[in-house]
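In structure tokens below, several structures.
Both complexes shown next keep chain A, but they swap its partner, so chain B is in the first and chain C is in the second.
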Partner chain A sequence: MNKLYRGLARPYQIWLIILVFIPLLAMVLISISNYNASLSLSEVQITFADWDLLFQHQTLVAFKNSLVYASLTTIISFVLGYFVAYQIKQSRIKNKFIILTIIILPMWSNLILRTEGLLNIMEENNILKSIIGFSLLGNIAGTPFAVLFGLVFTYMPFMILPIYTALEKIDISLEEASQDLGVTPFKTFWKVIFPLSLKGVVTGSIMVFLPTMAGFAIPKILSKGNIVLIGNIIDQKFLYTTFNDGSLLAVVILIVILGSLLIITRFDKEGETLL
Partner chain B sequence: MVKKVKKILIVLAIALIATFLNACQTGPTLRLLNWGEYLNPEVVDLFEEEYGIRVIQSIADSNELFYSKIKSQTTAYDLVIPSDYMVEKMVDEDMLIELDYELLPNFDNVTYMDGVNQIYASMAATTLTRTGESVDYTDYAVPYFWGTFGIIYNNRVDGLEEALNENGWDVYFDSENYFPTASRGMYDVAQFAYAAALMYLGENPNDYNTTLLNDAKTAIEGANFSEWGTDTLKRNVESDNLDMAFVYTGDYLDRLYIQLDEGRTIDEIQSDFNIYIPETTMVFIDNMVIPYTATNLDAAHKFINFLLNPEIMALNGESVGYAVTTEEAYDIVVSHIDDEDAFYHNWAYANMTYYNKDREGTFYPLTALPNDDIDAINTMIQQIRTE
Partner chain C sequence: MEKKKALIELIDVTKTYDDENVVDNISLTIFENEFVTLLGPSGCGKTTTLRMIAGFVQPDKGSVIINGKLFNDLPPYARPIHTVFQRYALFPHLNVFDNVAFGLNNRSWDYLTHFFGLDEVTEEAIKITGGEPTKAAMKKVVKSKIDKAVRDALTMVKLKGFENRKVDQISGGQQQRVALARALVNRPQILLLDEPLAALDLKLRQAMQYELKEMQRKLGITFVFVTHDQEEAMTMSDRIVVMKDGVIQQLGTPKSIYNEPVNRYVANFIGESNIIPGTYVKKDLVNFLGVDFACMGYNFADGEKVDVVIRPEDFDVVDVTKAKITGKVIFSLFKGVHNELEVQIGETVLLLHTYESYEIGQPIGLSIDPYEIHMMKVEVNE
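Now for the complex of A and B:
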């Protein structure tokens, strides 16, 4: 039986090798070459000539934008999301599964569709205005606030779920013991509950930070093309078949992601909060 | 249980055989590689009826896909409908077969619209500068549809229409002196922005050097664009969220026809939003060409000849929102102006107003600039957007 199970794991392993590891390797190689669509393979050579791209004004600004938006999204999601998770944990409703389902409900519809819909109600004249007579969000389409709003709206569930899991795992007797020993509820929260839920916070932060750092669709739509993130530049480089430049930037993001994963393994040795 | 499975298998087998039989229907075929929803099914029916040649249509949604599908030779297409710059590239790489005009008798009875002739002349000129070879593109291509670009504008803004008609490009690009509070949008395609800026500066949009690049940058910064979009541009002007944007004329007609369908009149719609087509503007053209992989040259020529028939070209135009390419077909389209059927009347009106054959102007199809130039233009636009 054990053998059969190992056999069943094979297809995905092969899939990983063909569609993840080999392309990854190719990406790293392309990033140190001059490869683009107008060259035939025999003309491709190893060169660092295009690496000045990393220090060009627009690349640096895009990197800064990505970092700022990813950090702000993570912080806001954490502050707002933590208390949602805490409320769910504290709530007396028996079937907490239902509450969690409601939280991930927005993810059941397509991301692009949701974002386009959000953009529409951020315009001055929108569908809400024609139905109820006034615009709920005002005219914020195209502003940095709109982008931040969209990112937090989209990624908040990824923060709530791991924090909730971590909170749920905390033994209720620890809280009771703390109160028995005369600690105030506020202090109990800060000295007992919060430190124990930290693993969930770290996992949640990574799960919010990574996609916002590498993503490009939400900022592109909600900023109406006015805010350029590093993902947008990579998107354009590949669209116009300048593969080496696109790969180079993608590799840099990869390094950022690897760094983040190192952090997660430091905090979470068993990887248990990821579930 | 076993019986049930058997039954299902038999049904499946019959279905499979039927499919094969259908595919093996005897008689000649024409393998056409086309854009989606770009050929009136009635035209196909008429063609199949008249010549007994079956049309097998494949769809691709970009010129680059056309190119790679022909190059890969997995299917031997007899006829393809790529745009201007891709025809240049395909001729460059010897991928097209010269047309045999003996097999196109309808050609003698039609005159291409002035804009179409200008496009072929411009393509020949850019090819000459690039490769030093003079190519007559009519040797390879017969025009299918064409269209202009223009500035779609919000007519609820007082005086904008008059200003555009009087000062053209200046109103769109010089935001300091014209309508400083108006919002302006641009297609999220760097070469479009660059070309538009050069036309505003009175240059040829297909030229490239660093001086022009810097001038274009200054011009684009002066326009202070608040939106870089695609299909969102026309919808935002329509819904009063944007005041001007440089788009395909077909983008405007698309929204116009939709609003007409909803029962509004042309006057009502035009007083909300309209399109201004500058005297010097960008154009595109899609062409019927025969790739070197073609196996049925006879059918391909017959199809081209069939579409050169003005009646057929006009019929084809009914289902596609772009401009017909011959004056004779245009005359048939606009002859519907007094038609009682609202659709035909509106269609004729739209063609007369926005694709008029007597419109004087300079039309530039965009050429395929070298990769390095495109990269520099993309970077220039990114710089503006990250300032």
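Now for the complex of A and C:
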């Protein structure tokens, strides 16, 4: 390759090393130390003393919450998202790109802003009530449903897009071949279309599951602090400068993420459904 | 020829896309155990016609009648017709065996017991249980029967031992056989083939042509074959339907279509030919290239203008002194079995095949036997 082009890749490579690899390494090291803000650097040593954090009640509940909310969000996004993707695929509209753009349109505004807005219409007195007189979501702020709603609302596009890509790749003649062999359209969907779109489902699920599992902003805002996910604990730990605890939990999540990526690559060797 | 039963009848069928009649008022009857080929260039409506028989396309006008019943609105899955698709359309998530078994595996219980014979299934189930033919035992019998049917179908297409292969791990020719087995295992009354050989290389294509013809004869299934390759059509078909712009140009046996094309289009499409303007002087005498030729079997008005069709291989090369017409060789190409020559006679250039070789510029004498001269009405609008 041209030397100039190789040179142009350098800035990002350096950026990656300084801002991603080194911090990651530091995080792993800190997780096996006693490092926090109250210690001077000379007092820092390698220790597993704080690892009992992993088995504390609060941590376990947070892990459980994270798993439950991430799983529920993934399942709901899958059930609702699959049929949206299927509808788009089946539609006769020529420029499907426009529909997909509309679906990712909410992502163009800031996540926190969007979530705060959502919180507002979930409050007892909200902007919708003052404008149109009622709000279907009124008075649910702080409940588990509010959190789930916010998570699904935010992450659904990540489910729809890879499923749509997978569906769009299925040759129409396969559907015809199935019907030609005497299989009804309904059964054709389950025997041909669905199995062939599984790649997209797996990719989409992981793309929804991971950020929900590790995220902290949406549950914090919409539950008004009632529901604590693992991300919220990490947030707290760093806020209170117990860096080693925060790092430890972050490493656990990192391991979950790496495990998921391993699953992705097993299902999707070419990475074709990853947008 | 024995009287055959009409199996597929298309009556005044029209299909319009965007104000264009892709299939324009076609009527066609296909008989039992027949190998019929729809032949024409792409866009001539042959595939649309096939898809109307399969049920993927509904005709805008006219009726599709199969076995004497109106099939117009019957969905594809309810028709006793199976298709071998152009690019095979094998299911990539299933192996070879499951692809072939797909149709039978997804049929209803009633269909399967009927398919394999309820009495036979019951009898074998009794043998297993030694008493009552339980549903479980019957299910087992049907399963083993499907298994056997699939293996038989794979054996028939010479793919024994490939059962567990993935469909993307086999060659194009093998995929094509899987597609064939997948359709045939369901014992269809009618098999539709949509240019199934187009993606194969020449050698394989020729081999498959014979195999398909053999299979059709052996199984007694009606084959409706779509192709744009006239040689393929010639080799396999009992009858050929030549189509152009959604209209049937000519319908007949390969021989009659080759020897007696009804118009310029068919003559040009089916093999190479020379079309020479001429005049039908009187009965059994035609004048073209300034010479009177004896001809036979055509009736036109005396003095009517006609188009004379002569196939390149139908010229007899004779000594210049004895020749009816003489010309000069302007192009010569060795083609293996024969030489292809272009001969100039006056303003006309004729294409002819001969076993002897000629140098460019050499004079050549030609004569034509009366039965080799074919005539068509002159088309006004061309």
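A few points about this structure:
One rule holds for everything that comes next: the second predicted complex is superposed on the first by the 271 of 275 C-alpha atoms of A that agree within 3 Å, B and C clash if a C-alpha of one lies under 4 Å from a C-alpha of the other, contacts with A are read in each partner's own complex, and residues count from 1 in each chain.
Here is the rule we go by: a residue touches a chain if its C-beta (ideal position, glycine included) is under 8 Å from a C-beta of that chain, and two chains touch if they have at least 3 such contacts.
What you see is a predicted model; the values in this text were computed from it and never measured.
In the three-chain model built by superposing on chain A, chain B and chain C fit together without any clash. Of the two partner chains placed by the overlay, neither chain B nor chain C lies in contact with A:T143.
Shared-chain residue A:E176: touches chain C; no touch with chain B. Applying the stated contact rule after C-alpha superposition, one finds that A:S71 touches neither chain B nor chain C. By the touch criterion defined above, A:K191 lies against chain C but remains apart from chain B after alignment on the C-alpha atoms of chain A. Applying the stated contact rule after C-alpha superposition, one finds that A:I233 touches chain B and leaves chain C untouched.
Counted by residues of chain A touched, the larger count belongs to B, out of chain B and chain C. Taking every C-alpha of chain B against every C-alpha of chain C after the fit on chain A, the minimum distance is 45 Å. Across the two superposed structures, the residue set of chain A contacted by chain B and also by chain C is empty. Contact residues of chain A toward chain C in the complex are 171, 173-174, 176-185, 187, 191-192, 195-196. Contacts from chain A toward chain B in the complex involve residues 36-38, 56-58, 61-62, 65, 119, 123-126, 141-142, 224-228, 233, 236, 240-242, 245. Those residues of chain C whose C-beta lies close enough to touch chain A in the complex are 54, 56, 75-78, 81-83, 85-87, 89-93, 102-103, 106-107, 111, 182-183, 186.
Taken together, the chain B residues at the contact with chain A in this complex read 185, 188, 226-229, 232, 236, 239-241, 370-371, 374-375, 378-379, 382-383, 385-386.
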